[in-house]
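Labels for the chains are A, B, C and D, by order of writing; each one numbers its residues from 1.
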Amino acid sequence: MAIADIVIKNGTIVTSEITYQADVAIQGERIVAIGENLSGAREIDATGKLVTPGAIDVHVHLEMPIGDFVSADSFFTGTQAAAIGGTTAIVDFVETQADETMLTALTARRQKATQAVIDYGFHMTICPTDIGKLDQLPAVYQAGCTSFKLYMAYGLRLDDGQLLQALEAVRNVGGMPVVHAENWEVITSMIQRNLSAGRIEPRWHPRSRPDIMEGEAAGRVIDIATLVGTPLYIFHVSCAEVVARIAKARQDGLPIYGETCPQYLFLTDTAYDETGVQGALPVCSPPLRTPTDQAYLWEALGQNNLQVVSTDHCPFTRAEKATGLQDYSRIPGGVPSIEMRFPALYTFGVKSGHFSVNRWVDICCTTPARLFGFHRKGHIAVGYDADVVIFDPDREVTLSTDTLHEDVDWTPYDGLVMTGWPLMTFSRGEMIVEEGRFVGQPGRGWFVQRRLG
Amino acid sequence: MAIADIVIKNGTIVTSEITYQADVAIQGERIVAIGENLSGAREIDATGKLVTPGAIDVHVHLEMPIGDFVSADSFFTGTQAAAIGGTTAIVDFVETQADETMLTALTARRQKATQAVIDYGFHMTICPTDIGKLDQLPAVYQAGCTSFKLYMAYGLRLDDGQLLQALEAVRNVGGMPVVHAENWEVITSMIQRNLSAGRIEPRWHPRSRPDIMEGEAAGRVIDIATLVGTPLYIFHVSCAEVVARIAKARQDGLPIYGETCPQYLFLTDTAYDETGVQGALPVCSPPLRTPTDQAYLWEALGQNNLQVVSTDHCPFTRAEKATGLQDYSRIPGGVPSIEMRFPALYTFGVKSGHFSVNRWVDICCTTPARLFGFHRKGHIAVGYDADVVIFDPDREVTLSTDTLHEDVDWTPYDGLVMTGWPLMTFSRGEMIVEEGRFVGQPGRGWFVQRRLG
Amino acid sequence: MAIADIVIKNGTIVTSEITYQADVAIQGERIVAIGENLSGAREIDATGKLVTPGAIDVHVHLEMPIGDFVSADSFFTGTQAAAIGGTTAIVDFVETQADETMLTALTARRQKATQAVIDYGFHMTICPTDIGKLDQLPAVYQAGCTSFKLYMAYGLRLDDGQLLQALEAVRNVGGMPVVHAENWEVITSMIQRNLSAGRIEPRWHPRSRPDIMEGEAAGRVIDIATLVGTPLYIFHVSCAEVVARIAKARQDGLPIYGETCPQYLFLTDTAYDETGVQGALPVCSPPLRTPTDQAYLWEALGQNNLQVVSTDHCPFTRAEKATGLQDYSRIPGGVPSIEMRFPALYTFGVKSGHFSVNRWVDICCTTPARLFGFHRKGHIAVGYDADVVIFDPDREVTLSTDTLHEDVDWTPYDGLVMTGWPLMTFSRGEMIVEEGRFVGQPGRGWFVQRRLG
Amino acid sequence: MAIADIVIKNGTIVTSEITYQADVAIQGERIVAIGENLSGAREIDATGKLVTPGAIDVHVHLEMPIGDFVSADSFFTGTQAAAIGGTTAIVDFVETQADETMLTALTARRQKATQAVIDYGFHMTICPTDIGKLDQLPAVYQAGCTSFKLYMAYGLRLDDGQLLQALEAVRNVGGMPVVHAENWEVITSMIQRNLSAGRIEPRWHPRSRPDIMEGEAAGRVIDIATLVGTPLYIFHVSCAEVVARIAKARQDGLPIYGETCPQYLFLTDTAYDETGVQGALPVCSPPLRTPTDQAYLWEALGQNNLQVVSTDHCPFTRAEKATGLQDYSRIPGGVPSIEMRFPALYTFGVKSGHFSVNRWVDICCTTPARLFGFHRKGHIAVGYDADVVIFDPDREVTLSTDTLHEDVDWTPYDGLVMTGWPLMTFSRGEMIVEEGRFVGQPGRGWFVQRRLG
């Protein structure tokens, strides 16, 4: 074996399964050896540190036009923040206009991402106007999009017949459908009633989107997926009602998966009771829920009834949020968390005893890689991309807009103290974060040709 | 106590709970005494016979315009057949046109029923165009309609937001919502695909309405009812998928009820494989299912996971059925069973050992009376309407269009042998069926002012 | 019809199913008519009162030798108190000595009961020494004992192999096995350890009999009963752990039944923390549990996951209780409640909204009669024994040793206020309680030839 | 890095999680590197072969005295056969006599094992006579026995109070209790009855040990373990009744684990219907079950409701088996499978589509290592023991006493064709099997100091 470019020495390797001591040798972009006493042109001492796979965030919205606004983080600022937090790959979204093909839309969206600093992919959204274009799915899958976003809410909502057709088409290409599950008809009915009655403040947001109607929608799409015979991945599970339905399906042997997000693990719906823009900031959908729901989500992560934590990172500025103060349904939805997810799950998942350090890696790195076709990421193993984090389990970081690098003027986690933070992040063999500072180049990230199975 | 008009002597009284020997005294329209050695102006010997409450059929369609056709039985012929089969009260349906009030529609529908020979009520259908008229529900309830029909399928389909509003309005008047639960969007998508592919025969009917999509719809409306906080009654449960959801809800303590119908207990989906009109005759929705589903339905009746058997009696002629042979989705849906239900449940429910004779009375008489506000029917008890059946447990009747009195030129039960059949039927103290012949007058039936609680 | 001896006029008849107005005519020992405007030699006005079946208590221990003591109430005092509380039939226990036959033991025990003022039966206990006598069961059943008591605890404990044999023998005669379910080996191990460690006070009693070990034993005997193919009735269910197992079995379609008792519905385990004899008084087995368990028990009664409330009435005096203050395991176990059960379930079951007035009658009268072969009791119906209670739903009674008639110097319910109390109790046509005073004769009660099916 | 002793080149590494191409370098007894293009003093080409961890069999009985017999395989012959089948570590059993200490017994048993050719450990059996010696458990754990065998059947049966104490003691040392769960009292009662009735043939064996009584015992010990707060591992799960109870417990979040064995996956209870010794050969306990149970077991392995497949290897000769032909309860129980387990699970688990190749490694290698404290085995990872199998996925082997190396004159798998078989087995860096032949030395196996957590 030739001398490696880089060897990370004396660290504690943490995979989704085991924890052990060994050196990691990187040559070019890949891990080429794991062993004892490895030598490299550059040797980095990781004594007392954890060496983990780079985290993967399969649910982000960067530079995403939503209504009148565009989500605040660019592909550059967003991926930079992600990298500092230990994330080395993301999946964002493409939406196809009625008069273009999916591949055209993908190409256009890829253009937007050229300044990304870590690797990325896109979920192809299947809009109602795409139902006539389902024969394009094989080409989309071939182009590296293995996952397909289906909305049960908002203007992009598919009705159940369209869901059926979309799920069949995704099944036929062997892809993974991902779904936003809420009962849109009930929600719009409740919003309309609230607004008509002058109930316009943010605290009416959660009261318009009951947990059981998120559960209902999840149950419904699970039923349709069962009819079709396809796996299914449910986005941003916020409450016990959905967990129960996923758990039941899995117990029945069905390939159903669910993710939750930091906002549902760390925040609760009393946040909407704040006055002024403060109550508007944490508006996201599904909404924040109760402490009881939180407890269920943590337990579900430990018991594998939820499989992944991603972020649904979709920041809007305070000013943008404030535009909805006269009508909560017009507040642009979404919160930032692209940077804090991986360390936050360590601090509050592992150190608080909800799950093991291996389960942490599984939730944040290995399982998202596997479900979403990053076949060379998500592991510390020979032949895999050298997407590696050297994680300092003792480093203390207090979250604030000062310490975070997201391009938005607020954070819902202000003052939250992390115990454990990435020291270095490697992306395909290149150290791009060092001591918490981004040291890479804009645009070094690549579009990943994902594939499943 | 004065001498009663009629005393049924020496019979075996069967209630939903107990079986015992006693005489039943009738004065005018009511039962005035149950006792030993009672005397009456007319004494009828019921030695060796069962004395049961008149059966109640809460799901019939008489003279019902559906598409281009009208269901074959008139209120006269339909109720006459019902009475011969031991049924003394029915609930039919009212639908309100966009430009009329519900009360107007009720009045008009009541006009249609003037020739009925037994008592009747109407479920008030809440059509999409009625969502703006929900403030009329208190008046409708006051007018004696305690139950409200909600469609999740067909042109009258309410979307989920409308369902929410309708269920809330029904809850507010203390009424009982009854629902046709199927996932219409999925079904129409499947029908369209089948027709486009030239799959037009009746055997594609069940293949367009999968059991799991009936289960899904039932689960969905249970969820919405739970959100609203209302009881709910699910019509014509055809399969295990729905039973499972009702059973789960009841186990959670929710007031959810379900009925099945003879067609689902006695027929299976292989019936659609017949060629020509024969395969079209049993088209109904939900469709006939598998023998396994049948087994679940019988078991659910025994275990109180289903509470009622009604008929969904809605006959169309062979000629009418044949009009859909080039497009199964245009076959008018529905089968006749208004006459055979009560004895058939005795023969195949009680004698076959699925449940006790008391459970038979509960399923066919007592529970439908209780859930649908026939507060003076459904029991053999003092003060109740003298709706009474003298049932001969040994009488053998072979079903056919000759032996049945329904006004339609076919029956799905041709050749089925009943062991047990009503000898006499009393409606409000009047003997209207004697030895299997109708001996009453057209139009003697009354509209019942139903009330709950 | 001849003029009846007694007519209870104008009352509101409450059965397990319906509530209605009618007169009840009694001739000799039986109900001979229910009707309007009945006349009798004696007419009793029950306007504004409930007319219910006499309550049945299928679990009492009168004059029962247990260890060094005999339970405090004699058959006279115990049944007198029962009658005042509206109970008109009880089931007590027989135990057979090693050297006698079951019938001999039954005869002897019947001798003890000659002063009873209401009707009675006996569960035949199957002791370990009776395993060789199982061929006597047909004779015992013929002699009117349709139920058989099996202990999984105490000296009379059957091991699981003996349980199997006993259950088979009971199945073969068509009887009902009733079981005390606790894991005796675990309990004795825990008691021994506590005593060895000097933990001798009553508060160690519940800590020696964990709820999950009551659940385990219930689950075990349900499994053995399932293997054998027999129904099963579980005594004195105290906790959610047992309810869950019964509910699961019933959901699986198994004929498993459970009762709870007033002590588990009204008292909790903090009672054992009292000092001195006060903490010893409520010692019973299974022990009192937590408020959460209480909530489950009430809910289970409402949902029919428990079917009966009986008392396990087994009073010991304060002095007798005090003998175990140096060793909680020697405190004679049992509490009194034979008098208060029926009204207490009305006040705290019906008025508090846990269940309907009909369910109250079902739980206290109708279902115990049905399960235990009182084929002429438990209903207000023609031909049934005239065991009738005229219940004043407004009468207020504050429980205390002064107001109660049990022959024991304490009550666990001191100060508990009943709203609703029996005004008159009839036993086989004879008014034996009038305005809360016993007006019958000692010894008027009869041994009942019970039969099932 | 120095030149390694051995490098396995170009193989496909299969772990419990991923499958990838890399070379494995072995230095001395350990894996020192995994990488690309590694060089070693000896290089072995594994192109087209799978490189897996050595399999671990946590349930074997070698040279085990049972009644009048000793199980047929010695530690030499048994471990040799194991090694040829790809197994590199086993766990056998120690039993302590009443008059000796556990450590003495362990020492004596270790003496028996000196000829073993692979590494081994022992479960310390806690016999009834050991209940007084539970204070020896810390020393036993320190001596490397992290697991403790508890019998609910046979002469070594602990009653439930003893189970409680034993489980508490195991919990206190942080060990893993393993349990034989059957209801012994019911079984002995049924055996006795069968023998008394002259039902002596092997086919009465399964009829004496009903599946629900295995389920009951599993449920019982799960309940006691839950009370105690300890993990629990259930041996030789044979049927759906036990799977259901484990699945329920795991769904409730309890740390309950179960194994099944090849006999339950490949054989069914009709085997006992054979005449003569043929019907006696497959006698083992729990007995073989139905094809339906088999289907549940395979499904449970795929869904992680069972975690491990071990063998319960315990061979007796045809002559020994024949001694029980006049009394099936005296047939020495046990079947051989120590050699075929790992390849059989590949052929019928992976190739038949029940689970993935990674799940195969998990079930046979990784999870048993983790649960039983082989902290340096069960993985292909740096620093772990070089217990490695080069597995030829295409090699066909037909099982027979000729092809197998177990020291017993029959196999229940005669004629079964394996597709896939180990080519080479390495134990701590030493190649001990080459081309299906054992090439190591007797006695080279070591007792393993196991530790958990």
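The rule we apply is simple: contacts are C-beta pairs under 8 Å (C-beta built on N, C-alpha and C of every residue); 3 or more make two chains touch, one makes a residue touch a chain.
For clarity, every value in this text was computed on a predicted model and none was experimentally measured.
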{"item": "Most widely separated chain from chain C, with each centre as the mean of CA atoms", "value": "A"}
{"item": "Centre-to-centre distance between chain D and chain A (centres being mean Cα positions), rounded to whole Å", "value": "41"}
{"item": "Interchain centroid distance [CA atoms averaged], chain A/chain B, Å", "value": "51"}
{"item": "Intercentroid distance (Cα basis), chain C paired with chain A, Å", "value": "59"}
{"item": "Contacts with two or more other chains, residues of chain D listed in rising order", "value": "none"}
{"item": "Every chain pair in contact, whichever chains are involved", "value": "A-B, A-D, B-C, C-D"}
{"item": "Chain A to chain B touching residues, read off their complex", "value": "159-165, 183, 185-190, 210, 212-213, 215-216, 219-220, 223-224, 226-227"}
{"item": "Chain C partner contacts - residues on chain B that touch it in the complex", "value": "1-2, 15-18, 20-22, 25, 27, 32-39, 247, 251, 253, 299, 302-303, 366, 379, 381-384"}
